[in-house]
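I've put the structures underneath this note.
Each of the next two complexes has subunit A plus one other chain: subunit B in the first, subunit C in the second.
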Partner chain A sequence: MMALIEWLVAPWQWGDWMWRGMLTVHLVAIGCAVLGVFLYLRRMSLLADALAHVALPGIVAAFLVSGSLDAPIMLAGAIVVGLVSAISIETLASRPNIRSDAAIGIVFTSFFAVGVILLSTVVRDAHIDTHCLLFGDLLGVSDRAMFLVVTVVPAVLMLVVVFYRWLAVSSFDLRFASAIGIPVVAVNYGLMTAVTVTAVAGFEAVGAILVIALIIVPGATAHLLADRLITMIAWSVAHAIVSSWVGMYVAIAVNTSAAGAIVVVGGALYLAAFLFAPRHGRIVMLLRRRARRRHDITPTS
Partner chain B sequence: MLANLYIERAREFFYFQYDFVAYALGASVLVGIVCGLVGTFLVLRGFSLIGDATGHATLPGVAGAFVITGVQHPVALLAGALVSGGLGALTVGVFSRGPRVRPDAAIGIVLSVFFGVGIVLLAYIQGLETGRQAGLEQFLFGNAAAITPGQFWGLVVVGAILCAAIAVFYRPLALMTFDEAYAKAMGINTMALEIGLLAALSVAVVISIQAVGVILVAAMLIIPPSTGRFLSGRLSMVILWSMVLGGLSGALGAFISYLFAGVATGPAMVLAATGFFVVALLFGPQGGVVTQSIRRRRRQASVAPGGAS
Partner chain C sequence: MSEAAVTVDGVTLSYDGEPVVDDVTFSLPAATLVGVVGPNGAGKSTLIKAMVGTKKPDRGQVLLFGRPADNERGALTYVPQRGAVDWDFPITAGEVVRQGRFQSTGLLGRFGADDRKAVQKAMESVEITDLRHRQIGALSGGQQQRVFLARALAQGGELFILDEPFAGVDAATESAIVDVLRALRDSGKTVVVVHHDLMTVTDYFDRLVLLNRNLIACGPTNEVFNEDSLRDTYGGRVAIVTKSGDDARAEK
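And now, the complex of A and B:
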């Protein structure tokens, strides 16, 4: 027991990277988890996929235009390119021979390809490399990355609290929401902007692609466990916190990418919920079906 | 001065001065053709992004095969990719069924969690002594120039078998694509056909990842078929256009990547495909933006009283 506690405490004494990493990943994961619930309910999970990929060309474009990688400039570039891509997706999807999923696939892969090419040619000297883009760097969070996360995520969460009613109503029933005068288009683009900003904030710490997992998986897990929006958000945040802690320690123990480990733990939690959730888990459903069948048969025999 | 360099490089490319150029070109064209074929069925069924999930899901297979065998043997790596990519595609299918799971979320979950497993394995490999020179990163964005003659012919054979299999099952596939209920009523085993299509997708992705990389392979499955839809209203013609334009994009991508140092084959190929798409989106005979507005104006002119005189 003592050994376990010692093992848990030890990393915190090895320098300040542990609390920096923990603080960063908790903020990013919680922000993503809260936004992810609304995206999930709106069936827009894959837009998170698109926006997270598009953050890369956004940051690169900002660097090309301004020559700097200061936090506000990175955010501005990513927001502009993110909104451009969201509008392109919607415009494309409005054409009769393009489905919305194809529109997402066309737009974000093209943007991402531009970003990768620029990164390997014109802006090779910028300090964003494909390594960081993919793996993230949670055990060595830079001052800039931490500053971004600490300012952006609380602001996003505060906005969610302020506009909670609007978000909730429009996520469940878009037509009703617009009938009672909620500006649904503005709410929609506001949500997309929030996702982009959070993805950019988490970009350096957890990598562009693993951010997608932090957005989609907690909300999907919560939907297996909860029947009300507020409990769903609570489960989603709980999922984020548990996978951050466990993933961080797993990464230290096996010496691997912390962001990757957190995502894998999150995936395992989803699988557990998928199978064992008390009301909507597959095992309970199977037992219930069997019980019903037996119940149906007994009276006649 | 700089222009001379590019002209020189272009000449090298077109005269096939180096053997590897021919194989890189061939492999890129093959990717375009195979993905264009398989992708058409996915796009028309509204499953476009399942290709994205399958592509990302091959990463743990590639890295896992390296961890198990300890060497970078292409057949082992691709076999690993096939196993984990196929598993990813099937998982999307399994998770999408039933209540409380949204199909779009299932795609996102498989995509990101499988990729996470791959990243964990990659980071682990980089910590190993042999890992530094493993060069597995080239699977992320593709490096067609690294394909050896032996691998190339292997890919051609597998690709040919895949195309033949789809040709054999063309009728039932077409039927299922447009009207699944009718296909079922006709006695077609749609479940088996669906699994077959997912298997074909996994094979197409595995053929492609050396040239385009796991992240962007989805683009080659989605963009050429979407282009084809603007060029024809018939399934057979959409497939043909999609394969031709996919192959052309592959060739252009290989050329651009040879011309400019540092440009990976995958992104270059994707941008070429996007270029074709934009042209078709504007000028395609089937619902192209400009085509439509010209047609509308003509119709208005012939209807308006002024036009009759």
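And now, the complex of A and C:
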């Protein structure tokens, strides 16, 4: 027992990277988890994937225009390119002969590819670490990355609280929402902007690829467990905290990518919910089915 | 009350340049129960969208109580088709009904005692009070429709617009809904219902709007519900219309 506590406490004494990493990943994961609930319910999870990828060309474009990689400029670039891609996707998808999943796939891969090319040619000397952008570096969080996360995530969460009713009603029943005067288009783009900003903020810490998992998996897990929106958000945040915490220790124990470990833990939590959820889980469903069959066979008089 | 509750004035609505509602004009007096009837694809739901304000007419305008529809949103209560929402959504029946109050509470306004009372009353009038903690996907089709009607009642308003409220509900729910709609009419509200079942038209509605891209007829049910107007509406597919009107059906 003592050994376990010692093992848990030890990393915190090895330098300030531990608390920096922990703080950053928890904030990013919680921000993503809350937004992820709304994306999941709006069937827009794939769009999170797109927006996270599009942030890369956004950052590169911002660097090309301004020659700097200051946090606000990075954010601005990502927001602009994120919104342009979101609008392109919506415009494409609203055509009757183009499927929306294909529209998402076409737009974000094209944008991302342009970003990759720019990164390896025009802005090669910009000191943008591709590996870090894609996979993050949680055990060595820079001041800039921490600053971004600490300012952006609380602001995004605050906006979710303020606009909660609009988000909830328009996610559930779009036509009713616009009939009672909720500006549903603005809410939609506001949500996409929030996702882009959060993805950019989480970039340096967890990387462009894994931030997607932090957005999608907690909401998907929570949906298996919750019957109300507020409890779904609570489960989603709980998923984010548990997978961040456990993932960090796993990463330290086996000396691997922290973001990778966190996402693996998150996936395992999803599997657990999928199997054992009290109402929608597979095991309960199988038991229920067996009970019904037995009930059918047993003669009742 | 000479003021019409709804005035549709020369309205044309189209999708991708293809008109689905073409130059339609009619008006509906207040405190009536009105059915909007026509075949599939006749533009009923599209016309409703223009009244509710979710679709802009290419030409013409919709007036509610004599004023442009956009200014009168507060007076209008809309019940969309039941199929329009995600039944897996994590929300309880009671929470759906609460949404009816969000127009008056606004984004951050307190959900006060008045709001709670309105919600409670609405749930009682369609008898769903004991279902309020159930997730909506766990309810039957009829119960779901009652929940959405309760949300409309909690919202209040002078004009109620319902898009096919009887689709896929059981007989008990249908008659419960009709009772609620009649009570609304009797208390001076205007109720507009998109409806499919010709058998019940004469029983339910004071007035009818017969629509098939163009306006076929609009007026008191006993005047406009006849073989000629039905043939015009359904394009000769109406098989039987008896004089009593209670055995009318449209056949494909």
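Worth a mention:
By definition in this document, the second predicted complex is superposed on the first by the 298 of 301 C-alpha atoms of A that agree within 3 Å, B and C clash if a C-alpha of one lies under 4 Å from a C-alpha of the other, contacts with A are read in each partner's own complex, and residues count from 1 in each chain.
Following the convention adopted for this analysis, a contact is a pair of C-beta atoms (placed from the backbone, for glycine too) under 8 Å apart; a residue touches a chain by one contact, two chains touch by 3 or more.
On a predicted model such as this, the values are computed, not experimentally measured, just so you know.
In the overlay built on the shared chain, the residue A:H223 is in contact with subunit B and with subunit C. When the two complexes are overlaid on their common chain A, residue A:G207 makes contact with subunit B while staying clear of subunit C. In the superposed three-chain model, the partner touching more residues of subunit A is B, compared with the other of subunit B and subunit C.
Of the two partner chains, subunit B is the only one touched by A:D49; subunit C is not. By the touch criterion stated above, A:F176 is placed in contact with subunit C alone, subunit B being left untouched. By the document's definition of touching, of the two partners only subunit C reaches A:T231; subunit B does not. When the two structures are aligned on the shared chain, A:A76 is found in touch with neither subunit B nor subunit C.
Of the two partner chains placed by superposition, only subunit B is touched by A:T121; subunit C is not.
Of the two partner chains, neither subunit B nor subunit C is touched by A:A93. Touched by subunit B in one complex and by subunit C in the other are residues 43, 96, 223 of subunit A. Note for the complex: subunit A touches subunit C at residues 41, 43, 96, 162-163, 165-166, 169, 171-176, 178-181, 223, 226-229, 231-232. Interface residues of subunit B, counted against subunit A in their complex, comprise 43, 46-49, 51-52, 56, 95, 98-102, 104-109, 111-113, 115-124, 127, 137, 140-141, 215-216, 218-219, 221-223, 225-226, 229-230, 260-264, 266-268, 270-271, 274, 277, 281, 286-287. Interface of subunit A with subunit B (complex): residues 40, 43-46, 48-49, 92, 95-99, 101-102, 104-106, 109-110, 112-114, 116-117, 120-121, 124, 130, 134-135, 207, 209-210, 212-213, 216-217, 219-220, 223-224, 254-257, 259-264, 266-267, 270, 274, 280, 282, 285. Across the complex, subunit A is touched by residues 16, 52-54, 73, 76, 78, 80, 84-86, 88-92, 95-96, 99, 102-103, 105, 107-108, 135, 151, 155 of subunit C.
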